[in-house]
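A, B, C and D label the chains in the order they appear, each numbered from 1.
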Amino acid sequence: MVGKGGLLVMIKSQQLQRRESLNDPVSRWDRMLEIRYFEDRIKELFAEGLVHGTTHTYQGQEAIAIGIAMTLRPTDNVCCTYRSHGIALALGMTTDSVLGEIMGRAIGSIGGVGGSMHLSDASIGLLPTSAIVGGGIPVAAGAALSAQVLGEDRCAVAVFGDGASNIGAFHEGLNLASVWKLPVVFICENNVYGEYSRINLTTSVEDISIRAESYSMPTEIIDGQSVDKVAQGVARAVERARSGGGPTLLECKTYRYSGHSRADAGLYRPAGELEEWLKRDPIDLYEAQLIEAGLLSKERAQTIRQEIQERIAQLVERVMASPLADVSAMFRNISIGGGQ
Amino acid sequence: MKLRMRQAIAHALADEMRQDARVIIMGEDIAAAGGPFKTSEGLLEEFGPNRVRDTPISEMGFLGAAVGAAATGLRPVVEIMFVEFLGVALDQLVTEAAKFRYLSGGAYGAPLVVRASVGSGLGFGAQHSQTLETWLYATPGLKLVVPSGARTAYGLVRAAIRDENPVAVFEPRVLYAEREEVVLGESGIIPIGTGEILNKGNDVTIVGLGQTVGTALAATQSTTWTADVIDLRSLIPWDREMVCESVARTGRLVLVEESPFSGGWGTEIASYVASECFSELKAPVLRITCPDVPVPYPPHLEKRFLPSSEYVREQIDVLVSTNKRDQPWWVKGGYLS
Amino acid sequence: MVGKGGLLVMIKSQQLQRRESLNDPVSRWDRMLEIRYFEDRIKELFAEGLVHGTTHTYQGQEAIAIGIAMTLRPTDNVCCTYRSHGIALALGMTTDSVLGEIMGRAIGSIGGVGGSMHLSDASIGLLPTSAIVGGGIPVAAGAALSAQVLGEDRCAVAVFGDGASNIGAFHEGLNLASVWKLPVVFICENNVYGEYSRINLTTSVEDISIRAESYSMPTEIIDGQSVDKVAQGVARAVERARSGGGPTLLECKTYRYSGHSRADAGLYRPAGELEEWLKRDPIDLYEAQLIEAGLLSKERAQTIRQEIQERIAQLVERVMASPLADVSAMFRNISIGGGQ
Amino acid sequence: MKLRMRQAIAHALADEMRQDARVIIMGEDIAAAGGPFKTSEGLLEEFGPNRVRDTPISEMGFLGAAVGAAATGLRPVVEIMFVEFLGVALDQLVTEAAKFRYLSGGAYGAPLVVRASVGSGLGFGAQHSQTLETWLYATPGLKLVVPSGARTAYGLVRAAIRDENPVAVFEPRVLYAEREEVVLGESGIIPIGTGEILNKGNDVTIVGLGQTVGTALAATQSTTWTADVIDLRSLIPWDREMVCESVARTGRLVLVEESPFSGGWGTEIASYVASECFSELKAPVLRITCPDVPVPYPPHLEKRFLPSSEYVREQIDVLVSTNKRDQPWWVKGGYLS
């Protein structure tokens, strides 16, 4: 696997440095902002027609990505969906690698052939993200299975939405993980919507967490707007996983500020719902907490915000100036030992 | 009337729903939102939530429900947002629906329609850009049609709904926004199993399907040769007679495919025609396809992935002038080494 | 659909007569015996090499089929699995039609091309049985959907096993039915095994019924060895379905006396388990009940047993003497309006 | 050593498991019961429950788990009891596993094996008797092999496990009980992508796959013509070179297929060879297939469904003597009307 040999062992990769920096509370806040501004900019880039295809942004859910990333080890595996910029950045992928991928650049995390829905970075354990709803759930169980079979101290995490809890792969993956007591944590980001449908229109329960009982699985409902709450919940589940206690289903209550994907303005949402959630913005909440703890000042916070905005602006310029994936890229990494 | 393909589809659905109260439609976000690709706009308003239904993300669940509903009196039209999602539900289409009539001694049918958006061109990447016709190949009891624009979409969707058998309609996503003159009403309905000759010529028969029909037509501009251009329209069953008649005349067959070279949809047609028209063929059947790679995301590569009309023209130039096939671009360019 | 026109409307079909006869308690017992002896004979026929392919018999579960059949109307729809001889006979299919199908005879319910796993009879609402585990579950939801859309007073029933509750189609079918409040009853025959695996080895819950909570669905655990208990449970669920109350999950606790399929002797079962269940044989229990109620005498019971044995013996002779499906049968009923 | 095919498979699994601790196997009833078809007998005892696992009835779940496990260090071998069950899990094979390497920029592969029993001959009926190769067609990144007996089963299963890519092994169920001389050990391993010439002749090249290899061989007995008989063994990728070389010599190609005429696996081979060997072919490529019907249950019809060696011989008699194709039996018999 990439990242195991050569230079990367000696000099810590940028990804691992970024990952480690989450040990510092202010860096967590910084990373949440990075995700927020990154996603805001992505939205604009699509709106401006500068990017092709589709994208699914993460504004409002940042505390979950950070809570997960600060708790897992880089050797743990994460399976995520098409809505993965936030998780990827939190886990340590660089903004160049993520934006590069979104813009089809050779510097993209998989060389620019995947686009917004397909990020991956083995050095921080991010398996290929799946654009198929539920696709990553049994895959995460499998990444946990390898740890169990090989006796490795790893665990695996699947991140998916509320809507995904209605698909067969969810059911099969959770049952399998429970029967085999696999070291895996299933993290449902309940952001109230699956595409343009409110959860109550498609899902026969209000709390996805209830479904854990079908698998005799421990579960928690977590405030997804709180970095600490998420981190604590994930830590409990990961601890259970590593100590042979089997899988856990965590439901993080959250909200996506943007529409489902690039084309969606979210007009189907009841008036006031977004506003209600904005009052508990995860970045604001964490900022207040840091300030209260004396770890951050209002002024420093303002400076950081500006710095990140600038970083993102430079990032976009840099990536747009970088070379596109070339034609040979589409023929690479299909199979090993000769193509079909 | 000039309509975008997505509007033509909405018209087709509405026209059938008006005439036949048994027709219902369901799929993810097809009701309140009018469909992810706006192919069902206005239908919830006109026909109400009983007949126009948003579903959970459960392709196996709602496709299976369509099978049961079809067998017991409805004519469900199911939307599979991206054809790849059939990968979590294929069982209900090919192992249940297609065999229901057989497995009930003729008593229960499964007259349902599965509409799925297919293909490349919009930057949806490797898991949302394939055409996957061969998933339905080798399935007696199932039909598959592929429109090439608004007009055929209207005609084929209506025919599919009226058909007593399960029919899949694979709609090239990139064409949803394209406008075309559409014949509405009964006379716009297109019989399943029939192709259409869009251009008459002498030197070669070019068969396209879905978005490659336009490519094929464009390729015939300013050439030294003339071509029959056939829009296949139906892939299962396909119009063997029309294609063979044309090839008997032109002596050459070119398939323009949006699918990999290995195992693409053209293999069925190429294999049949090469045998059936063995003595009429002056040149080997030429399949102009995509390379054997996942669909790449970025626009410049995605475009390259698909045969362009220039490329088709060049390939046919060689075929007609030498009666030999040219190499595909990825071989000539050394991309496989 | 078959049975809607012509002669069948005037003279009540044999199937409907057999169905109606279940109004009589003794006939119910008779039918249970018919199923038992039929299945015993099927096992022998396979063992003797007289039948080709595979089969899955129903001994021990008869009370469930009868409880369902006596409660449903013939216009209701039933989706069942490869283990469907019992349900088919209970619903009213004739033994000739079922055995004919199993033996590839033209008189078979679908003309002999389907075999043991593929029975169907539209006149009593039996949709094509599915050999795909879970396949019939969403299909039953669909049969209920048509009733709901058309405003018909029908309901639908899916019958499936404990093992089937681990497959995605179960999850998706139940969620969909719940969200749409479909008039459908999901009946899980928990016979403790899925093929050669005991339920505890593959299923993360002991009671399948628990899984109803994942769909906010009413549920009951029912003694599957008692005709009356099954009938009452089904009646409550059907009443709920018809009155707009939506779906129900019923779990009938039962046991299959035979192995999973023809080749299986069931040697994986813990010693004494079968014997324990045999003490609560549904046929014996019902016989005792009828005798206690004065509806049946020991002598009459003995006579009935003998009569049925003879009927089955004659049946086998009759079917073996009847013509095989001819070659043209394999080309029929594939599509309407011209083949491919 | 003479082994039944199911024993040869168990040997192949055991040999790889002994050499490579990363190899695990999973599937329904493959552990304690030794497999529904006894292809894993003794493995639980030798390798223990950590590496030999019974699964719930959750094909999507355990195939998906195999993908994740393969990407993170194991070499899982998954058994899909009947190939039709891939219909509830296809997504994980073609949309995830086959694209994992591509979608990770080469960092994660999915070196897993999916073994599935396929085909007719044992009376399992319409939903348990198909071969369904075309479900995997048009999937860059995936391989598919089909053994024709114990020897090739051993060699191909071992090669599949060693392959760095996802490989499907479709095992003709009817052959599990058949005995054949098997070369065990390294020298018994068969490179994926290679066919095998089982008989040399001059007049025609006959290509079989799985259980039709035996049919093809038997068809060459007491004939007026002689044939190259090729066991294709690998279908994706297939041995284009071997088949084309043979056809270049014999001038005639016959495919003997256990699949429907429309969309059967032979279309890929027929289409390729008819083009590639265009000028060498003396006669049209002949696909000898099953009719376009679901697999019937009763033994006399199931037998009729599959091409018999007599039928193959008759068809080739006509081809060789007239350079024209005969009609299939169902057309001659008027069964389609």
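Assume a contact is a pair of C-beta atoms (placed from the backbone, for glycine too) under 8 Å apart; a residue touches a chain by one contact, two chains touch by 3 or more.
These numbers were taken from a predicted model, which means no experiment stands behind them.
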Original post:
From the centre of chain A, which chain's CA centre is farthest?
Top reply: C
**OP:** By the contact definition above, name the pair with the higher C-beta contact count: A-D or C-D.
**Re:** A-D
**OP:** List the centre-to-centre spacing of chain B and chain C in whole Å, with centres computed as mean CA coordinates.
**Re:** 40
Original post:
Whole-Å distance, chain C centre to chain D centre, using C-alpha means?
Top reply: 36
Original post:
Between chain B and chain D, what's the gap in Å when you average each chain's C-alpha atoms?
Top reply: 28
Original post:
At which residue positions does chain B touch at least two other chains?
Top reply: 55-56, 58-61, 84-85, 87-88, 91-92, 95, 99, 102-103, 126-127, 140-141, 236-237, 262, 292-294
Subject >> Residues within chain C bordering two or more other chains >> reply: 113-114, 118, 130, 132, 166-169, 171-172, 175, 179, 201-203, 334, 339-340
Subject >> Residues on chain A engaged by chain D in the complex (per definition of touch) >> reply: 1-3, 77, 79, 109-111, 113-114, 118, 120-122, 127-130, 132, 135, 137-150, 152, 154, 156, 168-169, 171-173, 175-176, 179-180, 332-340
Original post:
Where on chain B does chain A make contact in their complex?
Top reply: 28-29, 32-33, 36, 54-61, 84-85, 87-88, 122-128, 262, 291-294, 296-302, 304-305, 330, 333, 335-336
Original post:
Hey, which residues of chain B end up touching chain C in the complex?
Top reply: 22, 24, 50-51, 53, 55-56, 58-74, 76, 88, 91-92, 95-96, 99-109, 140-141, 143, 163-165, 193, 236-237
**OP:** Report the residues of chain B in contact with chain D in the complex, numbered from low to high.
**Re:** 60, 84-85, 87-88, 90-92, 94-95, 99, 102-103, 126-127, 130, 132-141, 236-237, 259-260, 262-268, 270-272, 274-276, 278, 281, 283-287, 292-294, 325
Subject >> List of chain A residues in touch with chain C within their complex >> reply: 166-172, 174-175, 178-179, 201-205, 210-211, 213-217
